[in-house]
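Handing you this structure, nothing more for now.
Per-chain residue numbering starts at 1, and chain names A, B, C and D are given in the order in which the chains are listed.
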Amino acid sequence: MLRLGMVGGGQGAYIGNIHRLASRLDGQWQLVAGAFDVDPERGRAFAISQGLDPARSYGTYAELIAGEAGREDRVDAVAICTPNFTHYPIAKALIEAGFDVICEKPLTATLEDAVALEKLARESGRFVGVTYTYSGYPMVHEARVRVARGELGAIRTVQVEYPLEWMATAIEQSGNAQAAWRTDPKKNGRGGSIGDIGTHAYHLAGFVTGLTLESLTADLATFVGGRALDDNAHVMMRYQGGARGLLWSSQVAIGNSNGVRLRVFGEKGSLQWFQEQPNELVFTPLDGRVQIIKRGADDLSEDARLRIRTPPGHPEGYLEAFANLYAGFAEAIRARQEGREPSLLGQNLPLAYDGLKGVAFVEAVVDSHEAEGQPWLTPVAV
Amino acid sequence: MLRLGMVGGGQGAYIGNIHRLASRLDGQWQLVAGAFDVDPERGRAFAISQGLDPARSYGTYAELIAGEAGREDRVDAVAICTPNFTHYPIAKALIEAGFDVICEKPLTATLEDAVALEKLARESGRFVGVTYTYSGYPMVHEARVRVARGELGAIRTVQVEYPLEWMATAIEQSGNAQAAWRTDPKKNGRGGSIGDIGTHAYHLAGFVTGLTLESLTADLATFVGGRALDDNAHVMMRYQGGARGLLWSSQVAIGNSNGVRLRVFGEKGSLQWFQEQPNELVFTPLDGRVQIIKRGADDLSEDARLRIRTPPGHPEGYLEAFANLYAGFAEAIRARQEGREPSLLGQNLPLAYDGLKGVAFVEAVVDSHEAEGQPWLTPVAV
Amino acid sequence: MLRLGMVGGGQGAYIGNIHRLASRLDGQWQLVAGAFDVDPERGRAFAISQGLDPARSYGTYAELIAGEAGREDRVDAVAICTPNFTHYPIAKALIEAGFDVICEKPLTATLEDAVALEKLARESGRFVGVTYTYSGYPMVHEARVRVARGELGAIRTVQVEYPLEWMATAIEQSGNAQAAWRTDPKKNGRGGSIGDIGTHAYHLAGFVTGLTLESLTADLATFVGGRALDDNAHVMMRYQGGARGLLWSSQVAIGNSNGVRLRVFGEKGSLQWFQEQPNELVFTPLDGRVQIIKRGADDLSEDARLRIRTPPGHPEGYLEAFANLYAGFAEAIRARQEGREPSLLGQNLPLAYDGLKGVAFVEAVVDSHEAEGQPWLTPVAV
Amino acid sequence: MLRLGMVGGGQGAYIGNIHRLASRLDGQWQLVAGAFDVDPERGRAFAISQGLDPARSYGTYAELIAGEAGREDRVDAVAICTPNFTHYPIAKALIEAGFDVICEKPLTATLEDAVALEKLARESGRFVGVTYTYSGYPMVHEARVRVARGELGAIRTVQVEYPLEWMATAIEQSGNAQAAWRTDPKKNGRGGSIGDIGTHAYHLAGFVTGLTLESLTADLATFVGGRALDDNAHVMMRYQGGARGLLWSSQVAIGNSNGVRLRVFGEKGSLQWFQEQPNELVFTPLDGRVQIIKRGADDLSEDARLRIRTPPGHPEGYLEAFANLYAGFAEAIRARQEGREPSLLGQNLPLAYDGLKGVAFVEAVVDSHEAEGQPWLTPVAV
């Protein structure tokens, strides 16, 4: 088993608990250390409540680094599950102290930080995985493989969206912790919905199609009064080679719990994947019938099979997808430790450069909007 | 019964037959005269094959006008079911000869013609209905009424799309008549997919929300080699008052037979209507459950009820929607003949000004694209 | 055009209006005579309100027979749209007077009447069509053809159901005319839900599979207090050759508007057709993918194509299905008048013998229930 | 953490791995001992491959009992994941040796064994949980609570089905281990599809509705040549108090991966839960709209909330449901160990008596079929 440390994800936090559940599923990771909370005291108490060794129940990430650095059984990697603006200092400190890192998205809150962090990751040789969750779903891998194999021919247009409803009113003003920092430009970064979830949609589209963004033009809106950042974003995209894309992210789209939806249209067919029915890929060949490719079907790619735990008809979901990222990170980290190439499971993972691309995309979207859509902009990293 | 004449819609034509079926459904219209084909001989033969009086089986629309003008039992209205570029001369001649007109969309192939025709309609006092089909569906009326009543609160964003797959290859080069003129700028106008179907999506969004477009920015693409017009269009829209919209039209979206889909998000709820499941409206109130409003439900508006012929669970479709337009046109024309206000059925119909707005929208989209998206453009009529 | 007469279907009646709309759609039938109401005065007034010649606005079906018999332009066929118990006397009188008949289901209210009517039809040589509506849907024909072609191999089991919700409370006690006679054994016959809608489900299953029922065992229930007939029926069926079936009909299944659903499983594949999404057939081959066969797809059978009026993606529904029955009846009647074989459109129609089978099925279900399910019963006609 | 032992579930086995994944998810169970295979050597090797202590990698369940009995840190419970006919001897031996047991369904292969085992469980005071998987889903609990609260009023009819496709051909003859023992009456018991999956459907219906079966009549079929047991079962059920039920199980229903579907109709509303979309409950109140109750919605019962790990829109599935059973078993076992009442999580669990009812149901179905459906039979335990 690999030893996992965690920063953030304390009492009442959202994503940290998902990391804990997911990392446990396959029995490959054991959580052994953590600095879970911005409040050191609460963080230590929480660590102990999770059954951690009090000696490894840290108050701050600095303590964690100091405490783990000297141990024989030091953590193999640390997951960063804190608000966006803290990713950079925490990741930097961890990398510089020689730890592998699993960082939440967006990689950082500013483009400057993202550029610096990606450079540091590259030059240090540390492993830096970024939890673009949706790329953990087996049927998303299946889609990627089918596009890469040419089953759709040249891609023409990509429709991707990520609407949510939870911020349809000003919940940040009535004590919702998650909404509070997400609407604060200093903690969140410049992109509201586009930075929080649009970045997932952008990554998903690129991950499946393999396309590289060429330029974009965008329109942001803030619908909830008193909010400093966008809560709805529309983006038109042009990919290298001529494909086009349309991206919508929204935090105010009533009726949408977590509506990640991707549709890819090529000259020979189309693929559709909706996160709320993640076990299916809808495939239509040119002049053929709409077909359902089920998770677990006999003709799935090896890439998808590796990420499946139950037979077709037995739904798998979000935790399993997240667990697939953890399984992939485990393999990639082990391969480095053992000085070998990772197996398929450790490939096609979201890494630091993907994180940088995501931040560059968000920045370009905001820039485009502020420039009133003119001219079409090219993100600094694509 | 009202007497109907038709121009276009001859042997092998698409929409003319739909007009014939739909106008017949309620027993309020009788087709009595026609100039059905660009080839006069074929047109006359077709008219006779349809059981028309040979005396009213005309070779050209000019003959039809001449022949009908002098009759006691002259047609009450003439439906124009010809390719776009002929709408203007035909409609103009009919109006000037004193006929009411039911014109296919887009109203005309050029903005100049649309402006002129709308002016002519207004000044002549003739009835000019435009067959924006989707506004004939009862659940689209229901959506419109619910938005107008404030059930969604202020509208925030509108997602509307109209993808098709039938032109995913160059069928215009192998004898498909409908594709041939639609890809010829002279016959179709400047907007390919945006002019052919984007105009439906634009009308539908405006019809349901009651919003007025303020400006737009657009990106067109032509994916099929040798095609002179766009076959895929992405449009970002800003409505007066701050609402935003995203519109996608495509003629190359494999897997989509006739994928008209509208989603409207407001501060108090959302509505969703998909044409391929037209008997349902999906409604979600803020903090409430997703609900299915069925066609025929007890609490529907009078506007919707009037346009329903069967109980819930008995699917109604495209022809019934089209028949609703014809029922509305009949009521509006009768009301004029009788010098009274039309009943509810004769209200909220797509008329010449809606047709003009549609053409202005298409022109602005093409202009925006040609200007590389800058600046945000305001159509001449909104 | 063929000339249609109608008995029943007066003011406020349900199915008569559907017959009028459907018969009009293709311009092949003209309603010219009617005795629309059990109240002669109301019937005549209604006829006139429908634009009929007062001379052909009859008070009773006897008057209609007398009046039409002597005319040159007498009706070609008469549609019977009255409550069940009147079908037999009306149909008998019409046939004996030499009229072709289109009779609503169930053919009669008693088995005795059904046997007699079928015999009369056979011996008289008159055309007797029965409006088993669901066999008018093009995708039901498509299913039938695919089964007949062997695409499913030998059929194993058939799951068919017809749940409704409208009689979930005792609406018959508060003035609902349709519910009132349906819950009166004298007017309706012995089978409540099973006679009213179970008979549709039984016909649909047999129509698509071509299977002949061998025996059945059934369990009826009456859930609404004060009701004399079943409002929920469960039936287990054995078909000749070994296939099995399960049939459920209910008038009290809240949430179901008109839930006709058929699933057929064979050794080589399965087919599924749900009436509320009638434009699709879901097909799964052994070891293959779930596929959507769309109405209008290129590879449809001629049988289905003939019954389609719009392209794929343009929903067709209940009225179009009903119109297909009328189109078929028209072709069958014309073929007889012209002494020729009917074309494909005039074949595979529900006729008197199908009506008899339906009544025999209902009677066997009630008998089985009353005998507490023992022994498995064979209907008199299968 | 509780210590788990396992019998069965070795290399290539199906359900044992699910138990391992599910028991791990919440970090409450640790697998520490196992006799995983019918082949002792393979079993020991597999145990070691799973990281177990070689001292606790047993060759047989007898060895496991002997080995664990003497340990301080002996297992808290043992999961039985072997073919049906072995459940009884293994469970008996474990209980007699004082171990708590988690037993796969069906509880035993014969009614005699089930009666004996249930008695033993009762009298010994040992915990015996039975993994009726579908009762682990949060939305199934939600349905149960809503029925119990009276939201549907008195239940009228229950439609439950469990179709599968994997045994549509004679895969048992070509080396499929799972199919081989399932088609062998000695190893599986008398009920083929009804014993394997019908028992799930029966439990699910009873679990949600709280109804007690009164009698049943059934029809079994064997469609695949050479098979000794039914592969398709139809059952009509009468519940105490007058409700009715229809149950279908099939191993040959092409197109169905794992089609567990439950629909419950009461006098005041209906509920629908489909396992392949497990995160939704479809609710329709009398005279109201069809509504989607989402997993994670604000107004869920405490019973459901306790069994949820992610927010609405983040799909949970089969493993999470299974993990909920394990979480419940953990709470129930701890409560016994601590001599207190279990919290809500440890209530409403499938226990030995539920297992007995399941076996009694299967036996009654087979008896009814063999008696040609006469008379309606009452299972020995309901």
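In the analysis below, contacts are C-beta pairs under 8 Å (C-beta built on N, C-alpha and C of every residue); 3 or more make two chains touch, one makes a residue touch a chain.
Each chain and its UniProt protein: A, B, C, D = Dehydrogenase.
Model, not experiment: these values are computed from the prediction.
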item	value
Chain whose Cα centroid lies at the greatest distance from that of subunit C	A
Between subunit C and subunit A, distance of the C-alpha-averaged centres to the nearest whole Å	55
Whole-Å separation of chain centres (CA-atom averages), subunit A against subunit D	36
Whole-Å gap separating subunit A and subunit B, where each centre is the average of the chain's CA atoms	42
Residues of subunit B engaged with two or more neighbouring chains	290, 294
Graph class of chain-chain contacts, one of line, ring, star, complete, other	complete
Of subunit B, residues touching subunit A in the complex	156-157, 159, 161, 163, 165, 168-169, 217, 219, 221, 223, 232, 234, 236, 238, 242, 244, 246, 248, 250, 252-255, 265-270, 272, 282, 284-286, 290, 372-376
Interface residues, subunit C side, partner subunit A - complex	287, 289-294, 297-298
Residues of subunit C that touch subunit B when the two form their complex	14, 17-18, 20-21, 24-27, 51, 164, 256-259, 275-279, 294, 296, 309-320
